[in-house]
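In the two complexes that follow, chain A is the common piece, with chain B as its partner first and chain C second.
Presenting the complex of A and B:
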């Protein structure tokens, strides 16, 4: 499964576990994460669940910290990490 | 000195506090203080519980009460509605409770200035301030401070202070919030009260539109602000992080997003009074502080690995008078630390308390709720580090042998926790294990 698909699936799960709903019709690359309906607790849960599935947390590994603003930024951080191996 | 005298440092026409509902100048504030004091003076030896929700009112009363009441209990909004508050209030033995309706009546009465025929009453008391901590067992503890101990680290440079406009997002009745309020007052800086606004977006907009340029908030708040894109490129002069340990990532990200700002992270504990700030842009604090001390405080690592602090003076006491310090004057902060690369880093609380974005979670509380679910044998709740929230709650479950489907049990646990616990206390991750380790005394090992 592609990283993007894993993220989409766990995003749904994180929404559900914080009892929130998507605030837009679908997640697009320019969707601002904190406007998506997922609050920062949900976002933290998403990162923790992704670490369980993918066995890395790119935010812990980063030397220069980046906080993603859009969904596209977020996916890119994971995709770049996978490319690097 | 009483706090009201800080107002003499600025012109009466200077705007001091701005909230979405109202704004107040130093001169108007002085009039309101006269009105508040009238009702205080009617009470003999006032022991005051301040139960106010309007921020401007709350701060006005703090200034009016200093020097004119024996002791004041600052009751945070979240504590007022909590179960244990009735008991705490009884323990405190208030003889004057200031609520919003009393505050409204007081302010509505005719405003008068102190003048020759109506002279300023003499200062009567060295007022003590009672602040609630979230406590190690989940029950708040009351800690007493003096006005001096609360203001001892406030910089009082009005020349520099006039260039700063502070935003407030903490509750002003909690230690971190009160520090921001007193710092702004002592240096004659305007204070923008965002703390009663619900969303981060509206706080950020109000902050920007009020030309605020200094803000103290938790690392979790700052990460959220960075992720929201709000205040991008804002010309901050001062960025302060407190309430949770600041990690290197958030410090770096703030420095690069707001290059004009001075970035400081504060270590403070309500028990020890104010601590100290670190401004070198690195997480933790330099190891040499253990030898040299910092900001007049002596530091030491205790036998159980926690940080001990010996405040310069004005040692706070628990309400009721018991000293919190050991024979040598050191207070145990309960914060576990370790030395790594010449720095002292924070590991968490010795009580095992988990800090989820500034909210304290007691593992035992979550464990007892999980044990109520059928099929759960043993359970261990632990923190997991999170780059977003500081820490998250995780649970390890040892299921009973009768459990056939773990996925079903997991769902049942989460549903049960959601019904019983606040959102941030519900385990973010649940793992099943074959055995939960116990230490030789039979207790679950938390480390």
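Presenting the complex of A and C:
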């Protein structure tokens, strides 16, 4: 499964576990995360679950703090980490 | 390792604090929902300097100011805390980490028995987080805000006996990047 697919699956799971709903018709790369419907708890759950599935937390490895604003930024952080190996 | 830093409110961070505090989305959730002028903030800093029962901090993470956290009632058995997140960027687990810092900071004082907070009923983020962490709702009350809105607030209370359970639950949803950083947060002078 591609990283993007894993993220989409766990994004949905995080929405459900926090009783939240997507606040847009679909997640697109330009969807602002804070407007997506996933709240702060949900986002924590998402990244913690991704760490379980992918066995890394890209944010812990960053020299400089780079945080995503959009869903596309978020996916890119994980995809770039996978490319680096 | 990058740790969270708590930097006391001062004239150096006044612009940043007021910029966050006076934004509409933050004021909406505050009992004092008025716009705070620089002159009033300056007077408040003077009060803070003389009053050991209150502590107000800017939270820094990886070199950036990301939130505020504040406490009243320090030195008594009942400490009240609050926070607001200023960062426009999504820092995974930040809010959970701030709760952990509040719990650790408050109960590091030998007098603290209860840590309480007040949340407006429509402020869903902290309501969900309190529920998830098992911090019990203890009462509801209505108050008139400073600008005259009537708002219902929920009171949450965490006892010293319950805190370890909350910290354990928080640990399960904190990504490594923030979990490691809030193991030992640093108080700046």
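Methods note: the second predicted complex is superposed on the first by the 85 of 85 C-alpha atoms of A that agree within 3 Å, B and C clash if a C-alpha of one lies under 4 Å from a C-alpha of the other, contacts with A are read in each partner's own complex, and residues count from 1 in each chain.
Note that a contact is a pair of C-beta atoms (placed from the backbone, for glycine too) under 8 Å apart; a residue touches a chain by one contact, two chains touch by 3 or more.
Everything quoted here is computed from the prediction, not taken from an experiment.
Steric overlap between chain B and chain C is present once the structures are superposed on chain A. In the superposition on chain A, A:52 contacts chain B only, with no contact to chain C.
Once the two complexes are laid over each other on the shared chain, residue contacts for A:80 go to neither chain B nor chain C.
Of the two partner chains, neither chain B nor chain C is touched by A:2. Touch criterion met: A:68 reaches chain B and chain C at once.
In the overlay built on the shared chain, the residue A:43 is in contact with chain B and with chain C. In the superposition on chain A, A:34 makes contact with both chain B and chain C. Overlay on chain A, chain B versus chain C, candidates 80-88, 116-124 or 404-412: the clashing stretch is 80-88. For the contact definition in use here, the residues of chain A common to its chain B contact set and its chain C contact set are 18-19, 33-34, 40-41, 43-45, 47-48, 57, 59-60, 64-65, 67-69.
Note for the complex: chain A touches chain B at residues 17-19, 32-34, 40-41, 43-45, 47-49, 52, 57, 59-60, 62, 64-69.
Within the complex formed with chain A, the chain C residues making contact are 61-64, 85, 87-96, 124-125, 128-129, 132, 172-178, 180. Chain A makes touch with chain C in their complex at residues 18-19, 33-34, 39-41, 43-48, 51, 57, 59-60, 64-65, 67-69, 74. The part of chain B that touches chain A in the complex is made up of residues 200, 220, 223-224, 226-229, 248-250, 252-253, 256, 356-357, 384-389, 392, 394, 414, 418, 423-424, 426, 428-429.
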